[in-house]
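First up is the structure itself, then whatever we jot down about it.
Think of it as A, B, C and D in the order they're written, each chain with its own count starting at 1.
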């Protein structure tokens, strides 16, 4: 077996965390090697070290048998390493071609030869069967296409070793399959691939070998053909896990939220919601499935008052809330666990106590007139921390000091404790470990059972399938189907999410 | 009971610790800046290092705290800086850069110089009148760019710069035109009923404005950390997206912060006229307290209590300009010191970096 | 030997005195090449004759006047305040220190221990007007002021009156202020340049300024035009600007001298010789040689023009002509014809 | 002798360009710096240093060309303080800029004393000679050209050069990428720090040149306070112009036009206080910005320090 990459004894420490602890890792020529691990296990860190973005605190790296010192991504590129990052590294107002050639521009005299660049990109895209317009602006293309741009960036630089950090998080099942084919082709071309994911099914279908990482340490490296999903899950988490949620059948009641022909535009003024119709009842969890970028984020922004609608309306318990301010909407009884806890959910530089009352800070009992009652606020925060098992020294530390999972628990605690008519949970478990996921799921089901309406938005099909009572699929700004979760299959959802239709099938569940 | 006492003891300790930590770096900066300034003295005067050091430090001490007169003058300078420092701090807290404090201060000066001329009012009416007038004028002057930023999206930096100049020319028009005192490039002296009490005697310009400034520090402190307004303003400054999500209007708070900031600056202008200057003068350049206030707020890390210390430092340096000149040290040294202090304050990341490195080493080895 | 600024100490042949003198500048500060520098020059002169080392404090902002005067009061017998902007501060400090002596330039402070020294700038400016009125070829003359205010208007009014006396046609566009510009300050050199360019470009060929540093821009513009082959002139102010701005001497016809140096010198001397008269308002005009024509006069100014100016000077000195001090009064002003 | 005067409009246009020149140069500096992601509030101070050292260079060497070189180098040195503080030490860029402004003002007035033994202002020094007569000889536009100076040409040329660099060269592509998404650039092997240093120092060079165009352009001396806020106006012009070279140029020209116009307008004899004319450029800028331009968007990473290896 020819080793193209070998990492030995890698240790990397961040303030407060040992992200990599004496890690050994090797990549064989022509293989697809999965790095598997929970959130925060240290997978990205390890790859960032290989790509020269981080410097290890100790350890050695060998590429093609030679010891190397990778100080910058430039060094990595020279060694034939390419990386597709977990969070895309694209300049949004640049064209596809500009993004790809950046740093390795074809020149004509002293100017950039844009014509040449566009040609090169086209040629490269054709070679790998990507359909992509080199002159399109990044912010105008879909996430799936952006992903391809990322891969092209690596290939354009002649990468033989390709690192893909969670490339499937934002893809439809069909696109994931397509990616699988692409990867197989790349391997045939003689490239070696490191694939990061924590989705076990993908691991089984795509890889040759798997290295499992837990809390910064390598647990084991195994051949995919010699292992099983359950075994991988156990190694990943460190204990036996059940991925199923226990819940009683729903007892749906009256319609709480009614959305009628709702329309909205994105930040560039292009329509993203093209007439959404939806009802959410009390005592049910309605899941919205869809590929990222089909309008689910905007839909939630509109019904929480964060985005203006351009048509249609939405009604909560008979009260038209269209065009109301976020504060009015909160007061009307909508609570919202936002998809991005760092951007929306928390003021990271505020204490947990201050964060605990965000949205209710101005009203009794937390404030009287303009004076805030910090004693009450702290007391309240302590209750939340206790009830939701938020791991923190006390309520006075800044939110930024908590781990992602605990931050998320804090947000969920705050929103659930508002005792809302409608609870919106957007990506409620993104970036959380299994334990935290279990907990959040349990709380959502509890809310349902207390007769609340829950609107769940998630990119994780498993989560949608497990948690929802009904599933609405959103595609291109419209709800293209509503299924009963009991009968829905991943395949059906995938077809709908990709814009197909279930002609000969039960278009079931539309109540 | 004991637990409680323990608790409060702890929190006191915490406050001390954090104060020490926030004060330490500016303090180091100040000391380093002073020594850099010595080099300039050495160069400029052609004296040795030790002589230069003693010359400079003696002069600064004499000129700022060393005598009763200089002490008084120091606090005369401190007074307006308290206001402009606080005004800048408020804006910084919302994530806005209000370069316009200078203009808002100027407008406060102007309005007070005008209102102060009204005759026949008892002091008990007149002083509140000018104070309200100054606050309103400054608030409007700050509110306009705030409004434009919130509603039209125009950059507040540009607009506040523009409004500084507009304030200056407007003031000059009034001072040299309708309200000109013949023979002098200023408005007539305001009525005694509009003057703040000079509690050390008519000949010492120190006045009750200082206490208004100190009171304002407390008020701003409470505003920031005890009221919903402060909660919202800070939230918008730290994370506008989260604030918006929490039902806090970004636009409203931007305007509000600019209005409050401008109001404080305008109040500073009012205090300046009614306590110190007693009229508005023709301006050949900016008065400067607004710009100095930026430096004060930066040095104070936008903390109201820090503003007090930073103002005293700047006031002391300003007031020592006299004693420096008297020993033939160019007073430019004063401004050099101020600038170098701010440079070192800006460089405070270096301390953080050292701290982090230490922590990390502990972890690798541990 | 240390050469203290402000004290040209050549050791011994100076007369002994134990009197001490201080001076506070206004915002212009040292190096304004105008009246602050002139005031200090007067003290330089006195320190060459007597054993005094004047203390000088600059004020960079209006609120420094008072502390500066106060600080100087502590260690001096006589304190000068230079500039009318010092009025209020001087009034306050003088009142608080009745046993010290003060002198203010360009303003009147009504305190028994303050001497107020003022100048009849309009009279000196009148002579500049006479020269300008005679020297213009285009019959267009301009005036650039620093800040539009009473003091500067005295320059403007006197100048226009002088032009009117010898060349009424050229005075017209000055009287209606078409060729009058104000910079809005005394420091923006570039503004001065642009103001002058614009005036010259509209056909003006002689410009008088009362604008401090702004005037340097005027000289630059004139020089540039002259190098380009045009015949244009500028007239300086306060000091003999052909000497203080030597590289522009060839475009400066003459300068209106305002002898602040003489004033500070005389007042200091009075103090040392115990003749100082507090409470006195001194007004220095042509008669007292407080204002006048500079020594340096451009060769282009012919003798008959100078003679004519001299005749007007006599008429002003003997009271035949009363020079207006406000631009608005120039319209009504009629100078007796002098040939 | 030729005393024929220019048509008012031509003179006004020439005056506009002359007054726009320092603004254009400095705002181009701003464009470079901010396009790479570093806010440069310190332009005013950099201009002050440029103005001073331009005169000092000409005074020391007798050559105005050397003066310009001195000015540029001084601008580069001062801006490298800003670069070091804000790129390496991750200083708050506004703090650092304010410090630069304070420092430059104090330093130059101190050096005026130490190097020139003068207070307030220097004596005149040699300035670039401009072939006025030759320019006037050019048909049609000769009159107009003769009213300009070399700095005007430099400014206009540099607008094109800046445009060319930013939008046509690979360096420009990298600069813009670094200002929008430094991490993306970093992952492609673009040295973010190097680009930012380069841009900030370039902005210093342009700011220094802008200062020289003030002190050596229409006048030939340095005077304390002679920049009088022009650096801030240039900053405003850059924002107004949408962080683009031509935009910045047009904004500078608009401002300068208002400034030049008020000089002419003073002679109209209207009963308007001249302070109003003085305020006109500022009022006009605000109206234009609010009325016609509205929201301008800064480069996404403008003002955000970049730390390698941070998420």
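Brief remarks on what is shown
We take it that a contact is a pair of C-beta atoms (placed from the backbone, for glycine too) under 8 Å apart; a residue touches a chain by one contact, two chains touch by 3 or more.
Because the structure is predicted, anything quoted here is derived from the model rather than measured.
Using the average of C-alpha coordinates as each chain's centre, A ends up farthest from chain B. Here the CA centre of chain A is 46 Å from the CA centre of chain B. Separating the CA-averaged centres of chain C and chain D is a span of 35 Å. Looking at chain C, residues 58, 148, 184, 187 sit in touch with two or more other chains. Those residues of chain D in touch with two or more other chains are numbered 225, 228, 275, 278. Chain contacts: chain B has residues 169, 172, 176, 285 touching two or more partner chains. Two chains count as a pair here when they touch; such pairs are A-B, A-D, B-C, B-D, C-D. Those residues of chain B whose C-beta lies close enough to touch chain D in the complex are 40, 43-44, 97, 99, 148, 152-155, 157-159, 161-166, 169-170, 172-173, 176-177, 285, 294-295, 298, 330, 332-336, 338-340, 342-343, 345-350, 353. Contact residues on chain A toward chain B in their complex (touch as defined above): 11, 13-16, 18, 57-58, 304, 306, 325-327, 329-331, 336, 338, 343-350, 354, 358-359, 361-362, 367, 370-372, 374. On chain D, the positions that touch chain C within their shared complex are 1-3, 5-6, 8, 11, 15, 18-19, 118-121, 123-124, 132-133, 136, 146-147, 214, 218-221, 223-226, 228, 259-260, 263-264, 266-269, 274-275, 278. Residue ranges of chain C in contact with chain B, taken from their complex: 4-5, 27, 55-58, 60-64, 66-68, 70-71, 74, 84-85, 87-88, 92-93, 96, 107-108, 147-151, 184-187.
On the chain D side of its complex with chain A, the touching residues are 164, 168-170, 172-174, 176-177, 180-181, 183-191, 300, 308-309.
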